[in-house]
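In order of appearance the chains are A, B, C, D and E, and numbering begins at 1 in each one.
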């Protein structure tokens, strides 16, 4: 007759449903988008994650090194929205949102994931081999838009100033026709 | 020292003072003030001199005008007689008059025609003092008339505003209808007993109530009811209190309605002695309960400070009438005690209202606010008054209300009548509503935020604060040492209301009372004060307060600091407005008790129609009530 | 010399047993228990029982900010008056057969002593000058008006039952009566009055369904909106002691003579400590907890009322209940 | 003698009727006057002793010997005071009506209702 | 004499006052979820306070929109002294997806010293409890060296 009366009384004798958090460690569900882990070695510095991150939480600083470039990535978790876009767009699977949700910190540095990607920049220029079938895949993949391909006249050309030698086209070409000539 | 002349001297002195002030005082302020203060102090001194013989030695002071002693058992002249009951009301009157005189010297400074003001004031005080001292019914009627005239003239004193004139006119019409009934009653009594002296009337009327004397009783009861502003006749009273200058409305609520109550007590207990009939008691208690309830509920709905206080004095008179109506020993003691307390705390509250009016110029609850920072001393006095009227324990309101409840439930048990339980419950609820309306006034006037217009109000001069301090000290004193006032003042007064043999013998010579068959009731000294020890409670309160204070002192260093600022501040010291800039938003009087008024919409609409403000309605109510009382007394007493 | 001991005994009574320490400790424990039981009823772990103590100590440490609109002396003095008057009331309520200051207060005095803490909070809130406090005050007053009517009727019915032909309002005689013929609640006609009293206590104390005056969500803690630091701590302490006072009042009125039979002979300096311990402390502790359970049960399953519903509820349902028992007692069932 | 009482009661009732029913303020004041006259009539007719003369104490009248030589003087004294009082009432009431008329510009009881509720 | 006890009690009964400066209410409902039976922050003494005067921990959520900036500053001033400011979610610290919009003026650091910041676009309740718990410890330190 009185709502919840029976429930309240019976609850008195049941075990409380509170998860005793600090003592028993609670695991986040699989697929929980938590703290970002960055694996510098896999990253190819294609810059897709930076372009895709809506709050602009990822910052890159490039430092020239004798055999190529060192790119320091910084993921600012306090401005990240944990959408996971960077993880999806990263072909190399260099970025992974782990299930670690313990992100409460007193000073700002604990909430910044950083990592360095060492990119060996090949000396030579981009050259297209003979078995190119002019499928224009490389043109579309190129983040800088440096490659122009004309299917009808079967002409392939590259603008060397724009090309940052990121290597996306090399891995994208189905016929493995592209390479950096020495 | 032959003190039998003192009552006449002080009454006539006051009237003489009125005449002198009119003649000399209208021009020069200092002459006027000295005359007024001199006369009122002398009257007070003379009457207080009588306190020792009347209360302690139990004497009764009788004085025949022109030394016309009664001839063969028939009183011819006008006799003054003061017994303990009369003396009790005399003290109240004299105290209130003196305080009002001191207060009005500074309060009325800004008005013009002060000569007339003081004449009317002294006429009013002289007539009330005369009414309380006299032993002759017609003399009492004449004093009532003088009182009504002075009161009406004083209500219309500030005739700039039309409302004051309207209030005076309504008060005059209903007042004169009431005194018409009283006069008719007196005359019928004279027709029956061929005498006007109350003592002789009492001895003649004892036992043989003829239809004519019952009609006289009903008419006089209604007449005195009109004068004491019980329910059907209370509407003009509320207007009169509001329009009169505050020092006068303090005298109104202090002694003018008490005069009506005194008349009623003298009538019912001494002259007619009908109070031992249970149905008469029920009628009187019914009047009291209805007055209590309507007075307080109307007060909750008011927007004006003085009108709210007016309705409260009506409801407190309801308490006194209920207590007296019980007609048990404890009942009369508590009734008289509440009458005294009412004069004290209601006078104090009106003085505070006057102080607020004096310094801010308005008494509208919606325009006032936050005065406690500008007028701290008035706030303290007001809080003492408010707490004692709403019956908080250490103060005097509680002592008398608590005794009223005791007598109510004793009566309920002895008679086994459920009506008194209803009266008791109603009394407690009305007491809480009184507290509610005074919380409303405290929040609206003294605490809360100060409106821009009142930024530079300052405290009232000392001469106005002196009466306030005296009254608040009396309020607290009566509350704590209520046994002292109980045993010394109230018990003799109660004895003289019940045992009137000495009252009659003093006036009419020995043995007249015994001849007419009036015998004394044995009054055992049980006072019923045994359950409540205010002194012990206060000692406990202070010791525990000290203990808490010491503990806080020890922990002083570890406690957080107390930060406060004087000037206007935003941010840290501003009130929390959920983030907004704290603008002036004062929860004024009219917005409080929204929930309560919505629940009682039906009742409040009826009340609006009941207080229509139309003179005809008020007089119609008076006449109908008189008819009802006549019919009731005929059914009951014959 | 005896008067010297008398003073010492009085001070001990005022400070230790039924006075300061006992009331404060009991109040804080009961308040902690209340929050714990509510949590358990909602199937959560709930704060430790000493949580109100921690709250009070934390508030002592905090800074007290007096708004510039407020009237400083009244603003700071109000909490102390409220708390001390509650402690003094604890002295006047007989615990078991033993009352600290016997016969010094009857039911009507208790009824009016209960208004002092409420008025202290009201004047304190009004002195703070905040509009939230203004609304909080009017709600507190309407709540007081609401529960005063049934409260006086309950007192009348208890007095009539105990007094037999004459009404007896003295708490001393009520406890004595219950020593002989068992607790008041067992007599059939008093059960509605007991239920009515159980419904009144939450409003008096300001617990969930009837805490319209201190509604945190709508008017941000009502009168307490501008309080911070030690004065706020004193008000919270006052509320806790008030729960204890009301439950022990309910126990002394309705659950009196349960342990009347047991007599333990330990006497320490003339005081029957054994008796006192059993009939007083243990009996009162159990009954206080039982009463608290009922109130917490109501608290756990209901939501806060609007002010006019509260007023209508008290003047119809609760007043009706208490009236039934008054009439039954009046007829002499 | 009975006619005196009937007329006085009638006068009182008539006066009260005008006070209660008439809306014009001056008529209300007149009503008050009429009630007072009724009561005065009542007072005077009470003191009448059959065959008595005016209560003036003269030597020759006294030795006539019958005790009811005089009419009862006390009610006449009362009537005098009552007449004075009712005169004052009328004077003050009319003064108030004039002032009310100046402020309210009307003397209709229904308009003069500023103080209500 | 009571200094240690009061400081210890400071950590045991931290009262929270929640300021929503234009948040999408994701963090707000998450904060309230913390008080539900499943997570039950009341175990540690956390309680939502009605006014800033009663607060110890001020939880700010949402990118400080220009409308709420002034109100945020005023409310933060009104909190009595040993107080701790906690930012909930990424918005207060950096404006999250609203960064660069004309109407937000975050981060909150411009207006007050932020003690604890709980990252996560709607941080998990356990993370919030952890953050509040560290805030309570900071409260104890602040209380200890206050004076």
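FYI, contacts are C-beta pairs under 8 Å (C-beta built on N, C-alpha and C of every residue); 3 or more make two chains touch, one makes a residue touch a chain.
Please read these numbers as outputs of a predicted model, since none were measured by experiment.
Novice: Please report the minimal path length, in steps, between chain B and chain D on the chain touch graph.
Specialist: Tracing touching chains, the least step count from chain B to chain D comes to 1.
Novice: Spelling it out: a chain qualifies if it touches chain C and also touches chain E; which chains qualify?
Specialist: Common neighbours, chain C/chain E: A, B.
Novice: With centres defined from CA atoms, tell me which chain sits nearest the overall protein centre.
Specialist: The chain sitting closest to the overall C-alpha centre is C.
Novice: Farthest chain from chain E, going by the mean of C-alpha atoms per chain?
Specialist: So the chain farthest away from chain E turns out to be D.
Novice: Where centres are the averaged C-alpha coordinates, which chain has the largest centre distance to chain B?
Specialist: Chain A.
Novice: Sort the chain pairs by how many C-beta pairs are in contact and tell me the top one.
Specialist: B-C
Novice: For chain A and chain D, what's the span in angstrom between their mean Cα positions?
Specialist: That pair's centroid distance is 110 Å.
Novice: How many angstrom lie between the CA centroids of chain B and chain E, rounded to a whole number?
Specialist: 58
Novice: Can you check how far apart chain C and chain D are, centre to centre, with Cα atoms defining each centre and the answer in Å?
Specialist: 63
Novice: Starting from the mean Cα coordinates of chain A and chain B, work out the distance between those two points in Å.
Specialist: 88
Novice: Identify all positions of chain C at which a residue touches two or more other chains, and write them in rising order.
Specialist: 39, 42-46, 60-65, 132, 220, 225-226, 229
Novice: Out of chain D, which residues touch more than one other chain, so two or more?
Specialist: If we look for residues of chain D contacting two or more partner chains, we find none.
Novice: Quick check on chain B: which residues sit in contact with 2+ other chains?
Specialist: 555, 558, 560, 572, 574, 576, 578
Novice: What are all the touching pairs of chains?
Specialist: Touch list across chains, by label: A-C, A-E, B-C, B-D, B-E, C-E.
Novice: Considering the complex alone, what residue numbers of chain C touch chain B?
Specialist: Touch list, chain C to chain B: 11, 14-15, 19-20, 60-72, 74, 76, 80, 83-85, 87-88, 91-92, 101, 103-106, 108-109, 111-113, 115-116, 119, 122-123, 126-135, 137-139, 141-142, 144-145, 148-149, 152-153, 156, 159-160, 163, 165-167, 169-170, 220, 225-226, 229-230, 306-308, 310-312, 326, 330.
Novice: Please give the residue numbers of chain C that touch chain E in the complex, ascending.
Specialist: Contact set of chain C toward chain E: 35, 39, 42-48, 51, 53-58, 60-65, 132, 216-217, 220-221, 224-229, 232.
Novice: Would you mind writing out the residues of chain E in touch with chain C in their complex?
Specialist: Residues 2, 5-10, 12-14, 36-38, 40, 42-45, 48-51, 53-54, 56, 78, 80-82, 143, 146.
Novice: Which residues of chain A touch chain C once you look at their complex with the stated criterion?
Specialist: 2-5, 8-9, 11-12, 14, 16-18, 20
Novice: Per the contact definition, I'd like the list of chain E residues that touch chain A in the complex.
Specialist: Going by the criterion above, the answer is residues 37-40, 43, 90, 93-97, 99, 115-121, 123-124, 126-131, 133-134, 138.
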